[in-house]
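Following are the structures in question.
Look at the two complexes coming up: chain A is in both, with chain B in one and chain C in the other.
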Partner chain A sequence: MHDVYNFVAGPLVWVAFIVFFGGWLFRLIRMFSLINKKEPFIYTYMSWKYSFRSIFRWMIPFATTNWRRKPVLTIVTFAFHICLIITPIFLLAHIILFDEAWNISWWSLPEGWADVMTLIVIGCCIYFLVRRLKSPEVQFVTYPSDYIILAIVAAPFITGFLAYHQWINYQLMLILHILAGEIMLMAIPFTRLSHMIFSPFTRAYMGSEFGGVRHTRDW
Partner chain B sequence: MKKAAILVSLVLTVSTLLWVTAWSQEDIVVLDASAFENSQRPPSVFVHEEHNEKAEIEDCNACHHVYDDEGKLVEDESSEDQLCSDCHGLDAEGRQPGLMKAFHVNCKGCHLEQKKGPIMCGECHQRG
Partner chain C sequence: MSEPAKTDSPQAPDIGLSSGIARLTPEKIEKVINDVIKGETGARLHTYVETCIHCGLCSEACHYYLSHDNDPHFAPVGKVKQTIWEMLRKKGKVSPEFMQQAALVAHTQCNLCKRCAQYCPFGIDIAYLMTVVRRVIHKLGCTPQYIQDTAHSHSVMLNQMWVKGDEWPDTLQWQEEEAQAEIPTLRIPLEKEGADIMYSVIAPEPKFQAQLIYQAAVIMDVAGVDWTMPATTGWDNSDMAMFTGDYELMGRLKRSHFETAARLRVKRVVMGECGHAFRSVYDMGNRWLGWQMPPIPIVHAIDFFYELLKEGKIKIAKKFDSPVTLHDPCNVVRGAGLEEKARYVAQQLCEEVVEMTPNREHNYCCCAGGGVINCGPPYKMTRIQGNRIKAEQLFAAKTRGARTLITPCHNCHSGLHDIVHHYGVGLDIKFFGDILYDVMEKPE
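Up next, the complex of A and B:
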């Protein structure tokens, strides 16, 4: 078990983070080079003011018509994304591993909070799954891969929850948890999860086009 | 009457069994975590004698080390008459790690070197 753990918690972590940040950079470089090649004219109306106006507006729950139109989805979406990002970054066990490896540490969530936030992520994933299966307008834009992507996101949290409580086989669960996290990180730049990279740019573009060209709001 | 006798002996047997298992819990020793103010995990399982027998450790200072003021390990001296928390405060001081990290590095560090023993969080911090 030592060898397997040391491999997934050592070299594979490096691979995952290099692919994650490298992929992030690659997608950005490619996006800008595509703009420059095909649509450089968008720079004539891209605006910092309208960009940030749109980004901030859409970051506030219920501040846009679309957020108000589907209140349950809005709450689930915000709860999901906040917990998804905050929990792993401020998880005590993760920080301890960073501290042991690089001698750096930062504030951590009380474990009870992290536990609840993990359950929120899992619950939201179930909501997204049911919505994808039941809602016709979502079905219409669903590829089979979307279910796999949802599973990729849910897996680190389900295995992390089970490992934390030491239910079922702890050692196996922890190794699966680390693997699942690495798979998720590596999938982000190359799947629909890349909205993590692109969403600020999408908003910036929409904000600028609506603000500068159509002279209206994009919310 | 016979029924009652069976019932009584059954209760006695079960309670004896329970008592014996409860008693044998005393063998399981955990590290003294009383210095921690707000423990997030159960204290680490550690059976001193069994561990040292299994790991074939004879020198106390394999774990109970002494470092001098310059942060150098003092060979041939040991600190088993002190608490870990006598030196290691909750926070790191210079190169001296805080208590939690000292435990982690001391135990897990050796287990990694020896390629034996627990190295995952929950292998030591076991939930009941």
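Up next, the complex of A and C:
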């Protein structure tokens, strides 16, 4: 068990972060090289003003027509994404690991908050799962891979929650948690989780076309 | 591949589509799909497909989806699933039957109105994905018959309606003579080099709506505009090739249009009340030819009427007294932001304007645009059943008093005519030009 722990908490962490950041960079380089090779006209229409107008508008809950049409989903999706990103970065246990390894640390979430935010992520994942199963328009375009990426995202939070509360075999749960986190990081650049990488660019392009050429709003 | 969508009436035969499909082999399909995807698409297609999280949030943007009781086959993402996702997933190894269904989806169940682009949180351009499908269908030779015929006409005659070389100036002279009965000094100036404005129309105007040219001539004459029309090809600003995915032909058409304007050394091109033609000259065709924006300023009729009224070049004798509601055409509102100018024109011309909802850039499409009405009679019911929501929207406007429907776009005009008649909405449909001609001050 100790060997497994040392592996997942040691070399595999490096692998995960290298794949995550390297993959992120690779996907961006590939996208830009494709643009340069095939669609350089895109640059002609890009506008900083309209790009950020569109990005910011869509980052504000209820600021767009569709966010207003779907209030529950809007609350869920914003809560989900905020907690998903904030919790792991500002979790005390994670910061301690960095502190021990490199002697760097930063502000951490009170543990009670982190616990609640973890539950929010898990709850939102359940909502997404139910929506996928029950909404005909979502069910129709659901592939097995959609369940897999949902599981990939939910797993680190479920295992982390269980490990923190030491409810089931702590050591095993901790190993599973670290592994799940690593799988998620590595999956982001190479699955549809890559919307984390690409969505600012698709949003910016559509914002630029709507603002600069179409003189209208894209929300 | 899932079951095709349920429709309420059987599909009328379409010889262009069925005979095209009959000629296909799996090898040819695979080659063409991969040629288009590898050769002609790039970051947009791949990024859109890989970013889409399959959330279905685009669904309620689509009038087909809403009109078919939320049948997911008609959701924008559902159409993507039935077409481009499968082509990519199977690396082009799809059957002729699949291509037939893909052609129906891309050509007759999507108006390329881009309303869904306003609903996707990532701003994925689903209409663009449908045009990629149409490009594949074009290269496979399976484009629906009627729209392909108009593309043939474009190719041979450089206009959409097989209008022959001599018929064009003949029609203009005929309308000039007609209008001279009303204003004896009126001219339709042909080939006047150095005029301020070249007025261009779509080919259905000389073909069967020549009174629109008459009306435009009266408006130009009364406003004292220095204008001209070409006597040669290049007069037609329409473009079905843009919708069939025949971009080489689109390029020829737009080059002819722009070069005609350049030859006449006009300062601007003013075009009639047509939406798709505006998309072609302002957004698509100019890009294909390498122009970021049109090489000569293009002014849509809404914009032009706004200018004439704002500057007082046209005076209104008596406002139109029937309450009107205004349809915002996708290509000039979601496509060019002319919604407020359209409202200014409507308010100047009419006593009462009743807004339909949703409106402005969120208006429902007419279900005729994007080449769908041009796919012809076999798909008339596809359009009508696919836009029940529009009938409901129009009924609501009528309930609040509207009696006349203004549609400043040819496709919208024809498409809404079918909607209004089929559902018995009972609204009179007019162009801005019709009303402007009626209510303006004319010389005694």
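Note that the second predicted complex is superposed on the first by the 219 of 219 C-alpha atoms of A that agree within 3 Å, B and C clash if a C-alpha of one lies under 4 Å from a C-alpha of the other, contacts with A are read in each partner's own complex, and residues count from 1 in each chain.
To be clear about the criterion, contacts are C-beta pairs under 8 Å (C-beta built on N, C-alpha and C of every residue); 3 or more make two chains touch, one makes a residue touch a chain.
Predicted model, so just to flag it, every value in this text is computed and none were measured.
Participant: After the alignment on chain A, I want to confirm one thing: do chain B and chain C clash, or do they fit together?
Facilitator: fit
Participant: Determine, under the contact definition given at the top, whether A:Thr202 touches first (chain B), second (chain C), both, or neither.
Facilitator: Once the two structures are laid over each other on A, A:Thr202 reaches chain C alone.
Participant: In the superposed arrangement, does A:Gln166 touch chain B (first), chain C (second), both or neither?
Facilitator: Touch status of A:Gln166: first partner only.
Participant: Classify the contacts of A:Pro136 with the two partner chains as first (chain B alone), second (chain C alone), both, or neither.
Facilitator: second
Participant: Who touches more of chain A, chain B or chain C?
Facilitator: Result: the larger residue contact count on chain A belongs to C.
Participant: Of the partners chain B and chain C, which touch A:Val213 in the superposed model: first, second, both, neither?
Facilitator: In the superposition, A:Val213 contacts chain C only.
Participant: With both complexes overlaid on chain A, does A:Leu174 touch chain B (first), chain C (second), both or neither?
Facilitator: The answer is first: A:Leu174 touches chain B but not chain C.
Participant: Considering only C-alpha centres, what angle arises at chain A between the directions to chain B and chain C, nearest 10 degrees?
Facilitator: It is 170 degrees after superposition, to the nearest 10.
Participant: Go through the superposed model and pick first if A:Trp14 touches only chain B, second if only chain C, both, or neither.
Facilitator: A:Trp14 sits against neither chain B nor chain C.
Participant: With the two structures laid over each other on chain A, which partner does A:Asn66 touch: chain B (first), chain C (second), both, or neither?
Facilitator: In the superposed model, A:Asn66 contacts chain C only, not chain B.
Participant: So in the superposed three-chain picture, is A:Ile96 touching just chain B, just chain C, both, or none of them (first/second/both/neither)?
Facilitator: After superposition on chain A, A:Ile96 lies in contact with chain B alone.
Participant: For A:Glu111, using the defined touch cut-off, is the partner it touches chain B, chain C, both, or neither? Pick first, second, both or neither.
Facilitator: Touch status of A:Glu111: first partner only.
Participant: Determine the nearest approach in Å between the Cα atoms of chain B and those of chain C after overlaying the two structures.
Facilitator: Superposed model gives a least chain B-chain C C-alpha distance of 36 Å.
Participant: Can you pull the chain A residues that chain B and chain C both touch?
Facilitator: In chain A, no position sits in both the chain B and chain C interfaces.
Participant: Under the touch definition given earlier, write down the residues of chain B that touch chain A in their complex.
Facilitator: Interface residues on the chain B side: 40-41, 100-101, 104-105, 108, 112, 115-116, 119-123, 126-127.
Participant: Given the complex with chain A, which residues does chain C contribute to the contact?
Facilitator: Chain C residues touching chain A: 2, 41-44, 46-48, 50-57, 59-61, 65, 70-73, 75, 77-78, 80-81, 117-119, 121-125, 283, 287, 292-293, 333-337, 339, 361-362.
Participant: Along chain A, where are the residues that touch chain C in the complex?
Facilitator: Chain A reaches chain C through residues 31-32, 34-35, 37-39, 41-42, 44-45, 54, 58, 64-66, 69-70, 73, 135-143, 146, 192, 194-195, 198-199, 201-203, 205-207, 209-210, 213-219.
Participant: So in the complex, the part of chain A that touches chain B is made up of which residues?
Facilitator: Result: residues 2, 5-6, 92-93, 96, 99-100, 110-111, 163-166, 170-171, 174 of chain A touch chain B.
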